[in-house]
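Structures given as structure tokens follow.
Okay, so subunit A shows up in both of these, paired with subunit B first and subunit C after.
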Partner chain A sequence: MRMRMSIPAKIVLYTFLVIVVIITFIPLFYTLTASFKTNMEIAGGGVNPFPATFAKLFTGDATIADLFDNYIQVFSGNGGWVGTKGNFFGYTLNSTFVSLLTVFFVVLFTSMSAYVFQRGHFPGQKFLYWLFLATMFIGAGSITIFPVLRITTKVGINNLFGLAIVQFGTAGASNLFLTMGYIKTISTELDQAARIDGCSFFSTWWRIILPLSKPILGTIALITFRGSWNNYLLPSLMLAKSQTATTLVVAVVKLQSMGGAGASQYNLMMAGTMLAVMPMLILFIAMNRTFVEGITAGAVKG
Partner chain B sequence: MAEIRLEALKKDFDEVHALRSLDLVIRDHEFMVLLGPSGCGKTTLLRLIAGIEKPTDGRVCFDGEDMNGIEPMHRNVAMVFQNFGLYPHLNVFKNIAFPLQSLKWKPDAIEAKVKETAERLDITHILNRKPRQLSGGQKQRTALARAMVRDPAVFLFDEPLSNLDPKMRVEIRDLIAELHRSLKTTFVYVTHDQGEAMQLADRIVVMEEGMIRQIGTPAEIYNEPNSVYVAGFVGNPQMNFYAARMSDRDGECVVKFMGTEFTVPKSLIPEEQYRNESGKKIIAAVRPEDFRLIPDTEEAAKYHFEAAVRKIVTMGAGLYTELEAGGVVFTAVFQNHTEIAEGSTVTVHLDPSRIHLFDSESKLSVRTLARPEVTSDGTL
Partner chain C sequence: MKKKRKLNTVRTIQSYLMILGSVTGLVVFVVIPLVWIVRFCLFSYKGWGSIKLVGFENFIRVFERSPKYWKAVLNTFIFAFGKLIVEIPLALVLAFILASRLKGRSFFRAVYFMPSMVSVAIIGVIFRYFFTHQGGVINEFIKLFGGEPVMWFSNGTTAMIVIMIASIWQNFGINMLFFMTGLQSISPDLYEAASIDGASNTRQFFTITIPLLGPVLQMVLMNAILGSLKVTDLVLTLTNGRPAGETEVMMTYIYKTFFGAEGMAAQDYGYGSALTVVTALILGVVTIIYLRTTKKSGEVYS
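Our next item is the complex of A and B:
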């Protein structure tokens, strides 16, 4: 239902929203313009949002290639640090691989475990359920990072695959509860119909529950993908020894400390940041509707 | 084709006894309706037959074979649900094809069979639609098609009409009756609607609190209810119950209620009962349509009494009236267009053979008390 509002109330509301939008967009806008500037321009400060190259384009003193110089550098291998190459194309592939793998694990096992908890009956079910719940109250990240690193080092999975495994393992129980809530809204009549129509407990999940929980799983996939894509702490530690097999976000930060001659190459960082942010931005704009529907579908019976 | 035999079947849900040791034989090709209010265990019974629930104790046998531990699919049963139970993510074709895919049929065989079934139920034009694009009637037709498609030995229906609008209810009800005639398989149908039960059933099982109250043909259930419970549950408007007194008068049984004495036929009550218990209280019951109005012009017959008309409701085919006689208020149904006015007094006749008599303590029919126990398959 659409809310009816008086005009003054609308003005207040929209003013507030516009301010929020501006505050949210300023850093993004700054990053975008800075990614076209030279390092000297950024270091020099000032309020001019437009890069000097931008004006030169019109006078003919610069080409389009000059404008995208920072981007070309981070891709061509010169955007890096002494001795190695800043291969942003490779980093993008790494990030994509890790994120997709994490999403695959999370979605598969969240759906399976939510189904078993919601529809199954087995000894120890309550205990396991509370165990899952308990994990929600233990702050993952900083507290668990040391034991996690010890384990991954011992097992020898300090690589992209291991990263996906750990990210899936620490994904948290909230996904489980969201999915359980969603499965609860699916009539058990369907389970019964499926059993009479020849489905086992497993094939009922595969043929009925899994396809029907697509909206909530889509939302979880999006959240998980974003989390994995933007994750910094864990990959930076797990992949510390490797310079080539690192993720996009980690690589961007590396541009700061490992910049040539010790100086931070902010211009390249900004270009790298834009590259790291763009895919998520596009994904979210495209999937906006699914995302919101999924969240609300879990909360309200559809 | 299957005869279903339930032996000492019990089902407990934690502390709740859904079914208490129930014996029943559903004959091959029979249309058996399980009738009762919600919570009487009729749906649980259906699920036990289907194999969705496991019995706490007792056996479900199909043609003498114990079905315990046999998965629903291998029991060769099909079920139609109250909320249709269609898979929302699949279109009508795939919904109907679903059980055949489980049986690993070949795709072209599935297609042929689905088309044949859809044609029979007149739903070929909606095969590509998703369930949410269907009307209630189309949904239930699709559910029927999915049930029929693998030629099951037993059809189970769990209140299939309760989510349909009245017009569609009649259409689907007639369709189910037609299918029973042509498919010649065993139908077990759960409902709380006595009208549906009467119209569809070969035999009705009236249930209450996990127990069977009476088994019989619709006519038997209606004309010879074995207890106050069955008498009150079946029939609309409800049967009238009166606190009456019976006495033995020269070897005849006389029952007095509404200030009138009725000499009831000996077939209604065993002689030794009214002889031994003369003067005892008894429950007399009369169906509202068994009262007859005597016009002023006609000479009053025996067994008539004066009644005040308190209220009249026109219900299409009949006039539902609330009458009062001898300080007792009761319902009577007369033919439409009967000349009768609220506030007037009418003369009402009651044929004593239409009176039902129940023991005031056990609430069972005095007729049944004299008879042998009802056996598991409903025969006497």
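Our next item is the complex of A and C:
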């Protein structure tokens, strides 16, 4: 849309846009600054976002280590709030492991099945395709979380590995349709050429389709990574019995609920929150375009 | 051509093996759980002892003796309505502003989208801290401007408002993004032609932009409505239904009947399944009503 705007109109628009920017930033900004404060400081209130140690840094009354005291506490396991073994370094590793494994499963199997549905002919193809389509509309998610948990308990996979498998299984069919749409744009002449060169149905996928569909798979990988990293309900239930093998998001929420009515350890909670949020924000700043394209493609065109 | 092609055995076997992963994931973690829910809604089972067939008894209980559930249903709709009435217009306005060739639009777009990167559960934690009675940033600001601090979480109405604010904060950017994609797909020629004919900006907005944005608007609103009705994690970490079930929503209520909550044992799984089925039906009915009433906006000058 092209609009020619006068200077006052522009000032009004920019003011509005900047106000929304401030509203967007404020919660994250105060969370960040609170993560450097002592619990006393946070409970004391006030609107000053800057922690007292920050000013002391310049006068030499505090060291960098003092500033990062909350982070050191949650990392060293002295937080004592998730059971007695608050170990956020471990949780970070767990989150990373689960997310990467989920991405691996989703990308590998989605790519293969999209190829098979797009290029293959086999008995039962229509039925299976319909099955994927139907479940997409029902939108499983948390509505079936109880029977899912019964299954994982019975099979005995209530661990990080099992979590990745379930996240892959319940990821939904939109990835499949997105990839199928992409593969459709790849010329079938390439398939035929590969077959003449002696490629089987499988190796055509491995050598031709998989490398060529990297862009869409990259997008799916990012969205999946975000979903897994941020997931709460499923990991909180699947990993409920374990004190150490849990994810960052679950650990942060545990910090909150254990704070309970009495003296909440807001300082540690905010440090944990930043640990859970920061990697996503950094990833977003680095790959902002891919995210934006992936999310709009998945919803608008899908 | 299709019928004549002989099924190649090797190719067929490869096809089956290649979709095995996705199909297994779908069947084990989506289809079987759905079947489990549908079957169990006719039984009574407390997790121990025998499984009794009780017919429609569970549904009678849902419709006649579950005031708490229907209260939660009402809350869910209040939440969805209250937040969408702010979120969607805000997203639309921002999309319109950013769709014009404004300097810094990609910066604004990225910032507004940023909250979508944060885990929903973590957003609950952040806003819980933000609106805390003592030392919470919002109350500190209210005091700064001479107001009385508000006990946000001890009153159903204000607690619900906090949940709405948190949800709007998270989602307005992503909806803005969808609208922007829709706006960009409208041909600039139309506006040019309208300008030549002497149509004002306002007139162009109502005769070109709004009708052509119809299909996108319809889809975005549909997703936003269903997404809001399925709200789970945010409520669990922000208020957990407090005070006294005033902010309980459909999904959290179902979750609690299955898994139990503070001081409340898990209830009958059959009853929980019946609640799940009824909730799925409610979502289905909303979808159908929505699609019926908005059908017209979908059929625009093609």
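Please note the rule applied: the second predicted complex is superposed on the first by the 261 of 302 C-alpha atoms of A that agree within 3 Å, B and C clash if a C-alpha of one lies under 4 Å from a C-alpha of the other, contacts with A are read in each partner's own complex, and residues count from 1 in each chain.
Keep in mind that, in the parts below, contacts are C-beta pairs under 8 Å (C-beta built on N, C-alpha and C of every residue); 3 or more make two chains touch, one makes a residue touch a chain.
Note that the structure is predicted; figures quoted are calculated from it, not measured.
Of the two partner chains placed by the overlay, neither subunit B nor subunit C lies in contact with A:A286.
Using the contact criterion defined above for the overlaid structures, shared-chain residue A:L133 touches neither subunit B nor subunit C, since it reaches no partner.
In the superposed model, A:F16 lies in contact with subunit C only, and not with subunit B. In the superposed model, A:A55 makes contact with neither subunit B nor subunit C. Between subunit B and subunit C, it is C that contacts the larger number of residues in subunit A.
By the touch criterion stated above, A:S187 is placed in contact with subunit B alone, subunit C being left untouched.
Look at A:L237: by the touch rule set out above, it reaches subunit C but stays clear of subunit B. Judged by the touch definition given at the top, the superposed model places A:M5 against subunit C, while subunit B stays out of reach. Legend: residue contacts after superposition of the two complexes on their common chain; A:M278 is shown touching neither subunit B nor subunit C.
Contact residues on subunit A toward subunit B in their complex (touch as defined above): 187, 189-190, 192-199, 203, 207-208, 211-212, 214.
Contact residues of subunit B toward subunit A in the complex are 47, 50-52, 71-73, 77-79, 81-83, 85-89, 98-99, 102-103, 146.
Here subunit C touches subunit A in the complex through residues 2, 5, 7-8, 10-12, 14-19, 21-26, 28-34, 36-37, 90, 94, 96-97, 99-102, 108-122, 124-130, 134-137, 139-141, 143-144, 169, 173-174, 177-178, 181-183, 186, 188, 191-192, 201, 209, 216, 219-220, 223, 226, 230, 232-233, 236-237, 251, 254-255, 258-259, 269, 272, 276, 279-280, going by the rule given at the top. Those residues of subunit A that touch subunit C in the complex are listed here as 1-3, 5, 13, 16-17, 20-21, 23-28, 30-31, 34, 42-47, 105, 108-110, 112-113, 115-117, 120-123, 125, 128, 131-132, 135, 138-148, 150-151, 165-166, 168-171, 173, 176, 200-202, 205, 226, 229-233, 237, 249, 252-253, 256, 266, 269-270, 273, 276-277, 280-281, 283-285, 288, 291-292, 295-296, 299-300.
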